[in-house]
Amino acid sequence: MINPVLLIAIPLLAAFISVFIQKLSWVLLFGVSIFTAISGFFLQKGMFMIGGWKPPFGINLMIDDYSFIIIIVINLLFFLTLLSGMWELKKNKTILMVILAGINGLVMTGDLFNLFVFLEIITISGYILAASSDKYYSVFKYLVLGTLGSSLYLFGIMVLYGTLGTLNMADISQQFPNVSGSVKIISLTFVFAGLGVEAKLLPFNAWVKGIYGNTTPLTGPLFSTVFATGAIAVFGRIFGQILVPDSTLIFAFIALGLITFIFAETSAMASKKLRELLTFSSIGQAGLIITMFMIGGFYAALIQLINNAFAKTILFSYATKAYKSNGDDTINNMSGLFRKNVMMGFGFTVATLSLIGLPLFFGFYAKINMLQSAFALNMWIPALIILGSIIEGIYYIRLLVKLWNPGEEGQESSELAQSQFVIKNGFSLSLIAVLIGIIFVVSGIIPDFLTENIAKAADSLSDAATYLSTVLGGI
Amino acid sequence: MTINSLIAQGMISSLLVYLLTKLNKKLGAFLTVLFSGYLLFVIFGFQNSAGEVFSLIHFGEFELTFMTSHYAWYFAIVLTLTYFLVSFFNPYWMKKMVNPAAYNMLFMVSMVGTVGVFYAKDFLTLFIFYEIVVWSSLFIIPMGKSRKTPVIYYTISSIGSFAMLYAIFYLYHSVGSFDIQAVSEAMSQAPNTYRFVFFTMIVAGLTKLGIFPFHTWLPAAHGSAPHTFSPVLSGGLVKVGGFIALITATVIPSFKILAGDLQLMGVPFENYLIMLLGAVSIVVGTLMAIKQEDAKKLIAYSTVSNSGYIIIGLMLNDQVGFAGGMMHVFNHAMASGAMFLSFAAIAYRTGTTKMSELGGLIKRMPLTFAAYLIAIISLAGIPPMSGFASKWLIFQGLASNGMMFIALAAFFGSIGSFLYVFRPLSAAFLGQLSPKHKDVKEVPWMMQIPLIIMSFLTIFYGIFPGRILAYISKIQESVGLKGVEIEGTKIIAATGMWDSLVITLVFGGGFMLAAILFFISPKAKPVDQMNTYTSGEFIYDPDHYHYAKNYYATFENNYGNKKRVELFFDAVALRVKEFGEMVKTMFFAKSVSFSIFWIMLFFTLVYFWGDKV
Amino acid sequence: MSYLIGLMLIVIAFLWQVTLEGFQRKVTAKVQRRVGPRWYQTFMDIFKAFSKSSISHGFIYDFGAMMTLGGTMATVVFLPFSGIVAFNGLDNFFVIIYLLAVGSLGMAMSAVGSGNPWASIGVMRALTQMVGYEVPFMIVVFGMIFGYGTSSISALVEVQAGGFLNWHLLRMPLGAIVGFISLMGMLAKKPYDTPIAPAEIASGPLVEYGGKHLGMLMLQHEFAVFIEVGLFVNLFLGGGGIVAYLIKYAAVYLFATIISAVLGRFKIEQVVYHFYKVPLALSLIQAAVVIFTGLGVEIWL
Amino acid sequence: MSQYLYIALMFVGIYGLLSQKNILKMIISLNIMELGLNLFIISTGYIKEAKAPIILFGNEGNYVDPLPQAIVLTAIVIGLGVTAVALMLARNIYKTYGTYEIDEIRGENDD
């Protein structure tokens, strides 16, 4: 059993050391990443006080089933990202380790302000990483919105603090139902807007296009999977368990989630570049998952979160690699590219089909769960989810068909019309693609393969009482 | 052998086929023949099985199960037969295919998927296999001529399948079960729920069948799919839609549940509305088929029209018309399969399916011609072939209910089919042989096998339609309808009867008489193809002397050239894209101010509205 | 036994219709102030054609000729002739209409098989015209079938028994008009003789034919006329005994002839347009009246 | 009541972000916003006529809440980091495009 503090401390320590031994920093980075990826499975569950202060007075880390599964997923994703982007590491190794520490802390922390600090750690690191794409204005936009978002979040929690006198999540979740309506609405909307910036909800996410659309093989998967998963997971934790909104406000939040989903999917349909398409798809998925968290379908949301994260790893790795190798990612120029590397094609296809939610792949299980929990609420949400899925399916299928089959329109498909593009340094990606592809297929046929722990995680999220007793009653 | 292990075997052997095709292209293709034959053989053994339950796997908290039934067997046998026959073409196309291994694998997956659809005991299993069929067939289509049409196919198909998924979960929400039997029983207490489910679920059937207004994918996809896959799409996969319609309207007995609703011409108005759509697709399919220049597109539009007959027959839910609709499933599978296959054979030898580039092929490919001729006689519903049996039954069903507007479409489609089926016959097989195709040969023997079998089945069941109808009457009884009445070779409907054996004999007699007359008369002198009446001019180019282009131009002038539905869908797609662009400019603008404005607007709205919290 | 009756029907049809064809030519001539041929001229034409040598354009050319004649003769067997039904209960309306199509298909195949574009154009016109006239006719009969609950033609004849007031000509006047116009189209009489239009497209489908092939096609034409006029007589004029049947038959046939003798020719798109304008509308009205009011079936005198 | 003033200051910063098109001015706006926020946070822990929460001379009387002050310290540090990164970006933007005006930047997000 591993103490969760180590997941934050060791990467931070390694980051500090790496400043002094630049040459060996890649060893440190991979070592740390492998350590966290493995130790995620052996994480000790329960509540951990930092500095010996009992909650609600001190900061605590909370490992329940929910953060347990998220930690595993995020650390695995981080490792896969490193594999995919290992030719891009360059000077970013230290920052990557800081990010690893930050994201682990973000998920595990039991304190709202601590969460803010970790959020800032990863976003500032994110600005620096994103700047490696040389699109400085986009990064600046990200910075402005990111800072605005975290300021709003901070404002929101400070309003809560001013009312309740505590920032401990467990304490707040206990007292929150009793606060007055206006405080509720102010704090909720500010926290929602603040986290919405990171979670890519629609009016708050103008930065995403510039950042995701210009990613490298390293930052692509990092932003779209590690960051996104962390941000959405925190979103789920806060609005699913800590600050549960009332029925009217939750309607506004659900509406925002669904609007994000459908608007982003239509935008993706109008995109001609692969990375841009994936960007909007990520936004759409974020909207969908957040909707699921909001309507209380934690299980479905978690499954889709994991489905989306692993799928996007392949998709973004592939897209960014294609751009890196050829200086272009216009879909029309990529026709028949999969024929040059069938393994990547397989992984990409399976990931895509899983994302759309076609049967035989894991995503289908997610989709039926989503529909099931959506129907529990009313009839319109599932209809909108289905509408979005149709649009999503259309552009992904268009993409797949294009990438598998070279050929002029009106002529038989043939190798002659194949794209001139190549994928350089694709070995690690092929490996990841096949691995994830097989996992998707196997878990698509036997979902229990993955979902046992997810179900527990979802239960722990909806079970606030256990959370409370673990934090406040424990030790 | 059980259904569940059959499905598992199929899925595993599809992987095997993939690997073997990578090893050796022909080997893998032969394996598809072998396996589809095996599947056909095993499925055939389930002929009399009904109510046997097989469990597949636990899918999360749900269980996927299969159950044998008569209607499942009927559809499964039609589909596997089509797949089996078409698979004979596969070995010869491996060289021309861009990705033969994937083709073979997806061919197998879609075949196994259809079996899964038909034998599904619960809606979830049905949907899973339905979608497997969709995506597996989807990825075969772009190996042919077009990269756009699979997207159209997927779009329309997913509108249907997601509507069905919605209905399934709506049912699950209100009934608490996916089981078809359980739902069927629960629905009899809840006609209001059923009415909603009926319309949402049947959309899947309509899209797959290619019923107006969802018909646009059919000509696009069938016309541009690889030549070997078009017969499967048209002859086979379209019938999956028929099956969904059957489940929705008959297995869940709409005629009982909706008996309290407004009845139009003897059926609930819900069924009548669907029949009207079927009628429109008959007319649209016929009119569009008449003007196609490409034979495959023409056959695809004829599929639209024939799907109309199927849905009309199924929606009648009576003794006669329903049997006609069911029998038309088989007839159309054989006929359109044979038509597509014969044009695949032509494309194999000449490399084109454009009718104006062909001509006079009867001299070079007589067997293909014969297969095509028999298929079109059946498709046009002319007596000695099986197609007449089903059309006759549907007409009788319509007549006894007095559905004159649907009958109008049915008659128009039936007469109109003479026009479009004759055109490829005339333009590709008859007329002047082009010098380009002087050296064309008949297709290899293995490609002849399916043509011969399909022709044989068409004739056999044309003469003895009772053989099929007896089984269909079992199906009818199993779903609570009165079985169609058969006496020997006589088929009896309330408004008349007919005996196809007698008709065949009389026709044979008439033919003999004519032949005797022909052969006792002085012998005719054979002349060269070009030796014809040319108004005294000297004509030397057979290509110019072949009337094939714009065949029915004069008739087409009466209805013009407007693809309104396609235009509508295009417009919708364009609007969606424009909307996406708008979202991009509104929410993802270059300036930060935009998004800060949106954020502030969000706060403002929430606070204006906030006092209601 | 049935088969013998069928053979007899074929012989009767041949003798009666070929004779009447001669009269028809005479009548047309009189209308046009010519002398015209002798009444047995058509017999002579047919026999002459069969005795002449001819050319063949290949297998399908011969096969189509046999198929068209065979199919049409088979159809004659199923048509009730003044109460004589060769196969009881099998005189189904749809069977007759579709069996007749075998003949058309055979002829079309044979003609196009000759490789002459004129033939193709003629066939195209014939098929197009068929779409025009069949649908209104079938709709009218559809109304009848619903009204009486039977699609057997002899049963439809029986319901008209008992005086001319029961004829469908009076019970369903609109339907009878449609039926007659469709009959003109079936017979390819002017103004609907577009498919064979001799001066335009060199007799269309028949352009290549000579000798026995032409003879067979002439025979087929006579049988087809026998069926088509017979259908009208059975459906709208109440059939009747042999004499009555033949008189009605001759009257209808000559009436059609007289009309056609003074008319010009439609273009093919005009034919379809024409059929879908007036007759189809009338037939729908007629069918609606029968189906929704029962007027003409249940409510009658 | 002074809290409203701080919130207003925060919104002044936000208004600056909304209206300014110069990158440096936007950074300044960002700082104004953070300043307002920090003041607001301090004000949540303020208790009238209480002492600073430093226990030097025994613990008599009221103390203001020390937690917001700690938070503000952190927030200021974070704000400093953000501003540093922002200025780095501004510098790079100027190097790449030769301007600080957003409207004059070409080549990003224009497709």
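A few remarks follow.
Each chain gets a letter, A, B, C and D, in the order it is written, and its residues are counted from 1.
The definition used in the following text is that contacts are C-beta pairs under 8 Å (C-beta built on N, C-alpha and C of every residue); 3 or more make two chains touch, one makes a residue touch a chain.
The shown structure was predicted, so the numbers you read here are calculated from the model rather than taken from an experiment.
The count of contacting C-beta pairs peaks for the chain pair B-C.
Distance from the chain B centre to the chain D centre is 66 Å, each centre being the mean of its Cα atoms. Rounded to a whole number, the gap between the C-alpha centres of chain A and chain D is 28 angstrom. Centroids of chain A and chain C (each the mean of its C-alpha atoms) stand 76 Å apart. In terms of their C-alpha centroids, the spacing between chain A and chain B amounts to 43 Å. In chain C, no position touches at least two other chains. Under the contact definition stated at the top, the residues of chain B that touch 2 or more other chains are 588, 592, 596.
Looking at chain D, residues 14, 17, 26, 102, 105, 108-109 sit in touch with two or more other chains. All chain pairs that touch, listed by label, are A-B, A-D, B-C, B-D.
The part of chain D that touches chain A in the complex is made up of residues 10, 14, 17, 23, 26, 30, 33-34, 37, 40-41, 44, 67-68, 71, 74-75, 78-79, 81-82, 85-86, 88-90, 92-93, 96-97, 102, 105, 108-109, 111.
Of all residues in chain B, only 360, 362-363, 366, 369, 373, 377, 380-384, 388, 391-392, 395-396, 398-402, 404, 407-408, 411-412, 415-416, 418-419, 422, 425-426, 430-432, 494-499, 502-503, 505-515, 517-518, 521-527, 529-533, 535, 545-547, 551-552, 554-555, 557-558 touch chain C in the complex they form.
Residue ranges on chain B touching chain D, taken from their complex, read 588, 590-593, 596-597, 600. Residues 2-3, 6, 10, 50-60, 62, 65-74, 77-78, 87, 89-90, 92-95, 98-99, 101-102, 104-105, 108-109, 112-118, 120-121, 123-125, 127-128, 130-131, 134-135, 138-139, 142-143, 145-146, 149-152, 202, 207-208, 211-213, 215-216, 219, 267-269, 272-273, 276, 284, 287-288, 291 of chain C touch chain B in their complex. The touching residues of chain D, counted against chain B in their complex, run 14, 17-19, 21, 26, 102, 105, 108-110.
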